[in-house]
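Quick one: the structure is below, and I'll ask about it shortly.
By written order: A, B and C. Residues from 1 in each chain.
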Amino acid sequence: MSATARLSLAYERYFTGDAAQRALAVELYAQVAGEPLVCPHGHVDPRMFADPDYQFGSPTELLLIPDHYIFRMLYSQGITLERLGVPRTDGGAVESDHRKIWQTFADNYFLFRGTPTGMWLAHELHDVFGIRAKLNSANAQAIYDQIAEALSKPEFRPRAMFERFNISVLATTDAAHDTLDYHQQIAASDWKGRVVPTFRPDAAVNIDRPDWRTSIDELGKVCGFAITSYRKLIEALESRRAYFKSLGATATDHAALTPYTNELSESEVDAIFQRALAGKASEADATAFTGHMLMEMARMSCEDGLVMQFHPGSFRNHNEVIFNRFGFDKGCDIPLATEYTRNLRPLLNKYGNDARLSLILFTLDETTYARELAPIAGHYPAVKLGPPWWFHDSWNGMMRFRDQAMETAGLYNTTGFNDDTRAFPSIPARHDVARRADANWIASLVTRGIIDREDADEMIHDAAYRLAAKAYKF
Amino acid sequence: MSATARLSLAYERYFTGDAAQRALAVELYAQVAGEPLVCPHGHVDPRMFADPDYQFGSPTELLLIPDHYIFRMLYSQGITLERLGVPRTDGGAVESDHRKIWQTFADNYFLFRGTPTGMWLAHELHDVFGIRAKLNSANAQAIYDQIAEALSKPEFRPRAMFERFNISVLATTDAAHDTLDYHQQIAASDWKGRVVPTFRPDAAVNIDRPDWRTSIDELGKVCGFAITSYRKLIEALESRRAYFKSLGATATDHAALTPYTNELSESEVDAIFQRALAGKASEADATAFTGHMLMEMARMSCEDGLVMQFHPGSFRNHNEVIFNRFGFDKGCDIPLATEYTRNLRPLLNKYGNDARLSLILFTLDETTYARELAPIAGHYPAVKLGPPWWFHDSWNGMMRFRDQAMETAGLYNTTGFNDDTRAFPSIPARHDVARRADANWIASLVTRGIIDREDADEMIHDAAYRLAAKAYKF
Amino acid sequence: MSATARLSLAYERYFTGDAAQRALAVELYAQVAGEPLVCPHGHVDPRMFADPDYQFGSPTELLLIPDHYIFRMLYSQGITLERLGVPRTDGGAVESDHRKIWQTFADNYFLFRGTPTGMWLAHELHDVFGIRAKLNSANAQAIYDQIAEALSKPEFRPRAMFERFNISVLATTDAAHDTLDYHQQIAASDWKGRVVPTFRPDAAVNIDRPDWRTSIDELGKVCGFAITSYRKLIEALESRRAYFKSLGATATDHAALTPYTNELSESEVDAIFQRALAGKASEADATAFTGHMLMEMARMSCEDGLVMQFHPGSFRNHNEVIFNRFGFDKGCDIPLATEYTRNLRPLLNKYGNDARLSLILFTLDETTYARELAPIAGHYPAVKLGPPWWFHDSWNGMMRFRDQAMETAGLYNTTGFNDDTRAFPSIPARHDVARRADANWIASLVTRGIIDREDADEMIHDAAYRLAAKAYKF
């Protein structure tokens, strides 16, 4: 068992129920607390593992500026992103004093009471950086110093932390045209950490994205031919999937405004593609095109065996003022009500009974857990459910997922946990919440006589890492 | 108290909360564990009670092949329905070795961990068949032998089990054109068990069903006149309702894709009916026709006093591959988001204040419990809420229903439990879950000081059988 | 600590969890049980505070006839509103024997088991009126006598109760054309109770309301000019807002069928206004007009600083039979599924980043807590979340709100509790439920190690009154 895991066992945090149930939850948790972390989906930058001497920046640069979970909450209370040092797309001035930004954060740390961000931060500061005091206005600078000092040490280089965190595999998320240079460097190095790419072609297949045309051009460039037709696009995507696979990828990932799927004829889809190239595609074109491309992606997955992840239902860049000033992923994506039963039917009728396909569904609309997703996963052989996503990647979110999806889908139509994070040092904290949540859920099944201890001992290992490893073919 | 009930009391299974709450839940449960089972809605085949010597087939035939809860889960993990012995509509070969199917089931029994099917099976094997070991790959054949031996005994004939289960009344579900021969035979026999039909005219009034035309022809045949117009259809339905009533029916049941209701003029509705007869009805026609027929069904219920059950929102036969190969009800029905507030308004404005109507609403969309159904049931005198349906007929599903609907609807606008099952031997297990869930809920109200013990003692009897008996006029 | 608060502490009612958690909940609750009640949103009639000698009528007049929570439940069980003394709009005869109505209520008191109305009534009868027995058929008249006797005493005059309840401020809800005479009388009196108006212009800006035209005429009358154009309407509203502000108003309130917002050009909006004046506005006109007026209201709030409350998604007067016979607010409003992400975007993009706006969102569609509202409030500086509204203003409703909204929105993007009641004597009971619910939630965070006790001690005061006072600028 790792030092981190031992530390975390020191108290029964998070667990619910009576003393007997909590005691059992601790026992179950203890079995997996030290097991390797399987990280099949996330947004960590592979660059940090390519260079053995890569060093993180200041505490503020590492922990605050890139974390939209943190700055969205501060922004919601009227603290401008400029004051938090978030870079503007026009290069305009933003706060550059990292100690001052850290102080602002510490002064407003109370905002995170009871939030998953608060739980992760507490764990991370305590277990990763050894901070023993609760952050506040008075001790903010001292704690900043402690973290800065830690970050200067060799054991806080990314590769060392990867090993200390006991990560068995980490998947990144990469655009279709990405040359995967960092992955190549990692593969070519003598470092044994397993960091694999994931094929995410959204920018190339969602013709309504502002960066679609650029993405198509980039894709043509890495493929060595101009993408002048739908047929060429298919060729390009197939070729890139093969390339990603060659560097260890086992999965693809797809986003869309809705899970609409529908197959078009080649002439219909090419006509849309041509309109898109000409800058004349309509919103209906975009929906039809994405719906068709999802079917194509399922077909390719049947053929090349890459697991297909699907993350629909996020209204990206909801706040135009912030988007125009700060760009993508600045915390202003808002979920939409999402319909799977009718929308996925064409795809499921064509590929859902195909044993070669593994389609992992995610949602931001929890109402679909019991109503649509669990019944679908509890029937179609190709479908599995991903863990609670984004806003729902939290203690309560996990409880709701277990409560609402497990009775119908069963544990074995799910795919374990993934941390989905770009905040590398938060990975142990995130897996810790998930493993405790699973121990809590499984313990409550035992104490209520729904399963026996023998089942529980299997389930906790399944939930903690086995299901993820199996679902993602690691 | 029955032997079954005594056995079940041996441990506190399912109950939540602290020791005091669980102890109270046990006390409340003990008051109703031995009370007769009221079964006002289900799909048990009446044939088994018509013949006093009816004998169940093999354990696999009885417990696995007809139970879509079981085979959907196995199918979701890639086990074909052919391997599970489910008959193909084209008569193609499927596994016929029942011991081999049972072994497949035992090998995959772990899939049911934490699911209601797992809970029912455990209870059924233990209490009905006296199996003391947990089913696994090694003991599968021995347990098969035990069940087979039990089934060969006289006390495992359906009528004997009906009595042993302490069933006070069992309602079946029957097509409008059903001649109810088995119900007649039961009525004519000297057996005292009460088995009554329920009038379910879906196949005759939903003009978009593949079997609509056959159903209309059959209906004409049993009525003795050709159904050549909407008016004739109304006559036929009224005549059949009277016939069902004469054999003890107290209720009707209706399904629809949505709860849309709207009254058409006689000429409008007849025009649709003529188009349907000519095979030229559109999807819009089907929606309008069903919406109108629901209003007519409410009118007839006002007149003949039959309780009207309504089960909207299931997308039937979602998986065409399976439907084409295996036919109806093979586990691939997926719920849809369902809207009641606007859709039911025409019906409720016309009949919702009428004391003669009793309309029991069901849903597969739990989001409507607190938002639409409880406010509707907490206002309209004609409306009551049915128990959690299908995927939601589970411990967590019942907790959510109590949590979300009771504060606004109140217990007394609900209709107790119904098992809705075609798996006859699972009936005690299903009522057991419901009675424990109710005891758990009511105990938590007492220990939190929301109600007193006197109220609790009434409520547990109301929830367990009184409300069902009253709502269904038994 | 007030006498009321002391009484309430006598037992641990409502709290969940194990003994340690409940003990902590009691400790937290005890800190705020005696704190003043901040009542920023409700429907109490200001008339009762204008006249120092105002006396309530009979127990039935005070507690039953005006309370649609009570009579909707009785009506749902077939007790006519006439039997309950609810006045008909046509002046037709209704039961006038208040003792008989009270007896009907007592005979059916069991209907409220487990409902918030039951909890409030129990608290109110016990703490406000000193009734020690549980109401039943036998003691109904004796309890009626006890309440009647209490009401005859000086300490049961509204001003005395206001002080006894320890209300620090009470906001009423008033039409745009209201002359606020009672508020003027209160302000002019030597009584120190703070009773402030809230500007609710629904009847003037929702052109599809049956009373719109009357409301516009009334509004013109109090403004001293005819409202013959959209521009005049804006002038009138701005002038009335200033008048409300001068009498202490800090907030406005708005209802709409959906949260649709969209800005129209002045000529477009005036054209709709002219069609509405001519009685020729369509349903689409009404939606567009309301959507535009919400944007205007946000603009005015930026300018005059009035907090903007928004309560969308209620289908008012769902039951036409009841509406035609008894008029507005007779318990037959049914919630609708509500969409915020797309609908509010125009308003949020224009004003959501403006520090001058404070927009408090309410919902009857709990599915939006985690999916839409918490992400919106956790990002846009202008947005805060109101407490659970109407049917969800209940113990379970509050638990769901905390469970589903807090992790993403954080406590500090919420606005504490408001009682939203027209039943003045129920105010302490309603705040008591809320304060206990908050203590319960916060205690569970502490015992699970998510926050520490220091945080908890702050949070309970924030939730109980500080957040409300701050959000409403008291």
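Definition applied: a residue touches a chain if its C-beta (ideal position, glycine included) is under 8 Å from a C-beta of that chain, and two chains touch if they have at least 3 such contacts.
Values in this document were obtained by computation on a predicted structure and should not be read as measured data.
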Turn needed to bring subunit A onto subunit B - CA fit, degrees, nearest 5: 120
Fraction-based call for subunit C against subunit B, same above half, different below: different
Geometric centre distance via CA averages, subunit C-subunit B, whole Å: 40
Residues of subunit C engaged with two or more neighbouring chains: 17-18, 337, 367
Contacting residues of subunit C [partner subunit A, same complex]: 17-18, 337, 339, 341-342, 345, 348-349, 352-353, 355, 367, 370-372, 374-381, 383, 403-404, 406-413, 444-445, 448-452, 454-455, 458-459
In the complex with subunit B, residue positions of subunit C that touch it: 11-19, 72-73, 75-78, 110-116, 118-119, 134, 315, 318-322, 331-337, 364-367, 391-392, 394-397, 400
